[in-house]
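Below are the structure tokens for one structure; questions will follow.
Chain lettering (A, B, C and D) follows the sequence in which the chains are written, and residue indices restart at 1 in each chain.
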Amino acid sequence: MDEWEDYRLVARHGKPGFEGNLDARPVRVGGVTFGGPDPVVIAGPCAVESREQTLAIARAVKDAGADCLRGGAYKPRTSPYDFQGLAEEGLRILAEAREETGLPVVTEVMDPRLVPLVASVADMLQIGSRSMQNFPLLMEVGKTRKPVLLKRGMCANLEEWLCAAEYVALGGNLDVVLCERGVRSSWAAEYARNTLDLNVLIPTRQRTILPVIADPSHSTGDAQLVPWAARAAVAAGAQGLIIEVIGEETSVDGVLCDGFQSVRPSVLRRIVEEVRGSAVPTA
Amino acid sequence: MDEWEDYRLVARHGKPGFEGNLDARPVRVGGVTFGGPDPVVIAGPCAVESREQTLAIARAVKDAGADCLRGGAYKPRTSPYDFQGLAEEGLRILAEAREETGLPVVTEVMDPRLVPLVASVADMLQIGSRSMQNFPLLMEVGKTRKPVLLKRGMCANLEEWLCAAEYVALGGNLDVVLCERGVRSSWAAEYARNTLDLNVLIPTRQRTILPVIADPSHSTGDAQLVPWAARAAVAAGAQGLIIEVIGEETSVDGVLCDGFQSVRPSVLRRIVEEVRGSAVPTA
Amino acid sequence: MDEWEDYRLVARHGKPGFEGNLDARPVRVGGVTFGGPDPVVIAGPCAVESREQTLAIARAVKDAGADCLRGGAYKPRTSPYDFQGLAEEGLRILAEAREETGLPVVTEVMDPRLVPLVASVADMLQIGSRSMQNFPLLMEVGKTRKPVLLKRGMCANLEEWLCAAEYVALGGNLDVVLCERGVRSSWAAEYARNTLDLNVLIPTRQRTILPVIADPSHSTGDAQLVPWAARAAVAAGAQGLIIEVIGEETSVDGVLCDGFQSVRPSVLRRIVEEVRGSAVPTA
Amino acid sequence: MDEWEDYRLVARHGKPGFEGNLDARPVRVGGVTFGGPDPVVIAGPCAVESREQTLAIARAVKDAGADCLRGGAYKPRTSPYDFQGLAEEGLRILAEAREETGLPVVTEVMDPRLVPLVASVADMLQIGSRSMQNFPLLMEVGKTRKPVLLKRGMCANLEEWLCAAEYVALGGNLDVVLCERGVRSSWAAEYARNTLDLNVLIPTRQRTILPVIADPSHSTGDAQLVPWAARAAVAAGAQGLIIEVIGEETSVDGVLCDGFQSVRPSVLRRIVEEVRGSAVPTA
């Protein structure tokens, strides 16, 4: 058996019109198209912490030119004593932010039992790194008709990632967007949270028809590095970005999650301009 | 905040009688004690493939001196097209094997919705590597009163592992046994499936009162290496082993899962004798 | 002691005019300036295999717009039975190629005893990955007045890399250019030779006044990925590139070293145009 | 070409009497035999710091039952500002320690130009991790008739290690002993300096006739873990150990190199007793 048969539904191999090029089968989220000519920018807070914080950031990322709003209502946290998200209240706030800004909402689901609830609000269901091989969850989101953002596991190889997407596709849901978010390494510990693996982007596009984006926030863990990583990711073939944002004047220590890696709306605006200006080559 | 506060329930720090030594709070599974003077040996097939296969191996591992029976009814597989386990039928077979041999049954649960069902049969619930940070699942097994075998994630550090155990403990279930099963590395690719990280065992025992065992099967991926890794793990401080076993005459290619890393019952017998002979130092 | 004191000569800290920015102290090689406004492109064959091959590629990379010629006369090879380079004959060929094209020559030295000989021909002495912590060699090149290209070790962290540069600087030679060339990882094995670590570039520039470039050839190991990695490296802050080139019509199997990762001169030309077009931000 | 042809001189393949078993071709250092029935213990200070310190530790390790004395006269240090060793004076002290104790001396050489000088004193030439692929150095020690202790590189795979030994063997010196000393990893950073990779030992013995030992000091970086790692290494197939020792009453902060990972002579004595007691299986 060839390797691609393990991910036959999402493989480029054997798909008419997709062989010999790097084109993606487009995935539409609201009016936004992943895998089209322009890189898509998803932006927003790490976690939904309050109505005020979320609405303010939502307006700011809309103004900065972002295409979708991100924000976690359910947060996977290493320690059980850390803030775990506002849950249903968080979903309600995200729905309100969408209504006000018109931005489609991308939010994480961790529990297969909550897929219907989260899918009733989200425009796109995020599967986080720690859940990349949570097979019951993958099968559950595969049953929905909501697009899925599938983050790469912290030490997953490419075949494992594509097979994870196949679990979603087998449920009948081919609207999967892949997201490189940095891999764990020893050498990076001093200067970055993870190692952004841009080498994976083109091999991924060579093997699958799914669009692939990058997360410069988690892959660097440092707001100063985010603009550089964002530019580099698009230059390396990323078809979009997902970026964490903090209020223009908010103290980094004042947020409950990932303050140090979140950029200000004014920085987001520059990133959006730069990556929109750059042609994203497709072959 | 000190690091140990993130896993305060399972931490050695502040537990009367446990400070300044390496003693574990014992975890009892049927008549078997993890964390006592003798290393515990769990053995059995990778997957429950049939009634005949499972009963035959169960008898063989009992004869070889194993303390508990392992076997997967629900299998986390990289590819959705690989054998996924016999599910409920697999659980029934495991129950029959226990009845016949008297060995307590250790089996994996991946889906929080299936915890009650699996717990109705299992004597010990296994959380696999890919699920180490599946927080909804950890919380669900934390609500049961069944002992939990918590495998370390493929690239998890020690704090993440202990915090994962804390999620279980917070539900009221302190009967957690940790299991080192090899970590992913680049250099090992040629000669082993993973890198068995024995350096982690004593630091783990220094930080927590939970017993810790090792998995020489997944950490080597090669039946020839299993006896060496088993001996070394106990010498390095492992308080038990979990070992995959194949029938004495079964063809390696004839099994559906992990044939190459499964040892024969005759080899298991030698391992049991060797590790029982060795004193397991506790300080 | 602060960490930067371990590399005090090359540190940004405490250097007037360099604090609070990302400017490099320029390093001049012939008429070429590393650390100036434009990214520098070094290109040429992996190894000097013959006079004809080397002169042909030298002319081609000159035509394609490269600034310097690379080529190994002494090759560090994993196996002692692989081609080890033409040694002195290789140096003579490189000198002839320089005479004909006017391109400064960058070539590796591995043996401290050969530093005077190699320095008598080379315009820039390359220290390869395997030699990053070859301290006697670093001290020997530190005694010359030839610029040094110091590649990062395969699993070196940033402090080790900067301390290696300090060994050269302590000899009185501050003309060191750093080169990220990919780090070893497990996940990349399927689709790339190494993991290009672009996250390291800006933290490196934050800590040192030395210019830093990237090697898209060794970090990918695949000619198809080189243009993407080259673009991304410059977008991520690389101040230059070093690229392996093969003759336009040469068979990949016909070269003695690294054929699969070498690009054609026509591809090099496009890379040079793209990275020259992109402004390299300095702050 | 089969992989073993790249290290044909040191390969087990095709060596009469060595195929189908794990026996080593013995390497003799003074009256000590590596690869024989008993594990060999090399012990001594990290660095030769003074005559008094070295003679005192030499006597203590002799009393504790060690077979050889280790101690660095030339030290590879990350920072050029750290203690670099006493050089020739260090060699003289080592010679005196040998004279007094009768223990053969193992000491590192980093510079090919110093091989004759170091070999004039050393009974066994150590090639450190950072020098594993220092090919000119390997060739130089290959020309001597002194046994060589070849440490594995920090992220070297097995083929690279065996090929490095082949460079020595090609010079006519087949008396090479391999030493596993821990590999670099991300997850270990919290609790150990490196990851001791015991999985590599048997695959190494399967592929080569060279003896292989382990270094529990560098692979753990913590004196508390050394006895555990030492026991485990022998159980996993190591044919000897190299252990760093500090004076029984010396302050850990009072030594110039690696104090935290050095054990006391009384601990060394227990390790020697334990590993001598354990049979080292050869098949």
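Here, a residue touches a chain if its C-beta (ideal position, glycine included) is under 8 Å from a C-beta of that chain, and two chains touch if they have at least 3 such contacts.
Since the structure is predicted, the reported quantities are computational estimates derived from the model, not experimental observations.
Peer 1: So which chain is the furthest away from subunit A, centre to centre on CA atoms?
Peer 2: D
Peer 1: Looking at chain pairs C-D and B-C, which one is connected by more C-beta pairs in contact?
Peer 2: Most contacts of the two pairs: C-D.
Peer 1: Distance from the CA centroid of subunit B to that of subunit D, rounded to the nearest Å?
Peer 2: The answer is 34 Å.
Peer 1: Distance from the CA centroid of subunit C to that of subunit D, rounded to the nearest Å?
Peer 2: The separation of the two C-alpha centroids amounts to 33 Å.
Peer 1: Counting only Cα atoms for the centres, state how far subunit B is from subunit C in Å.
Peer 2: Roughly 48 Å, centre to centre.
Peer 1: Hey, what residues on subunit B touch two or more of the other chains?
Peer 2: Answer for subunit B, listing residues that touch two or more other chains: 155, 159, 184-187, 189.
Peer 1: Any idea which subunit B residues touch subunit D in the complex?
Peer 2: 155-159, 182-183, 185-192, 194-203, 219-220, 224-225, 228-229, 231-237
Peer 1: For subunit B, which residues count as touching subunit C in their complex?
Peer 2: Against subunit C, the touching part of subunit B is residues 184-187, 189.
Peer 1: For subunit D, which residues are in contact with subunit C within the complex?
Peer 2: Against subunit C, the touching part of subunit D is residues 5-7, 76-81, 110-113, 130-131, 133-136, 154-155, 159-160, 163, 166-167, 170, 184.
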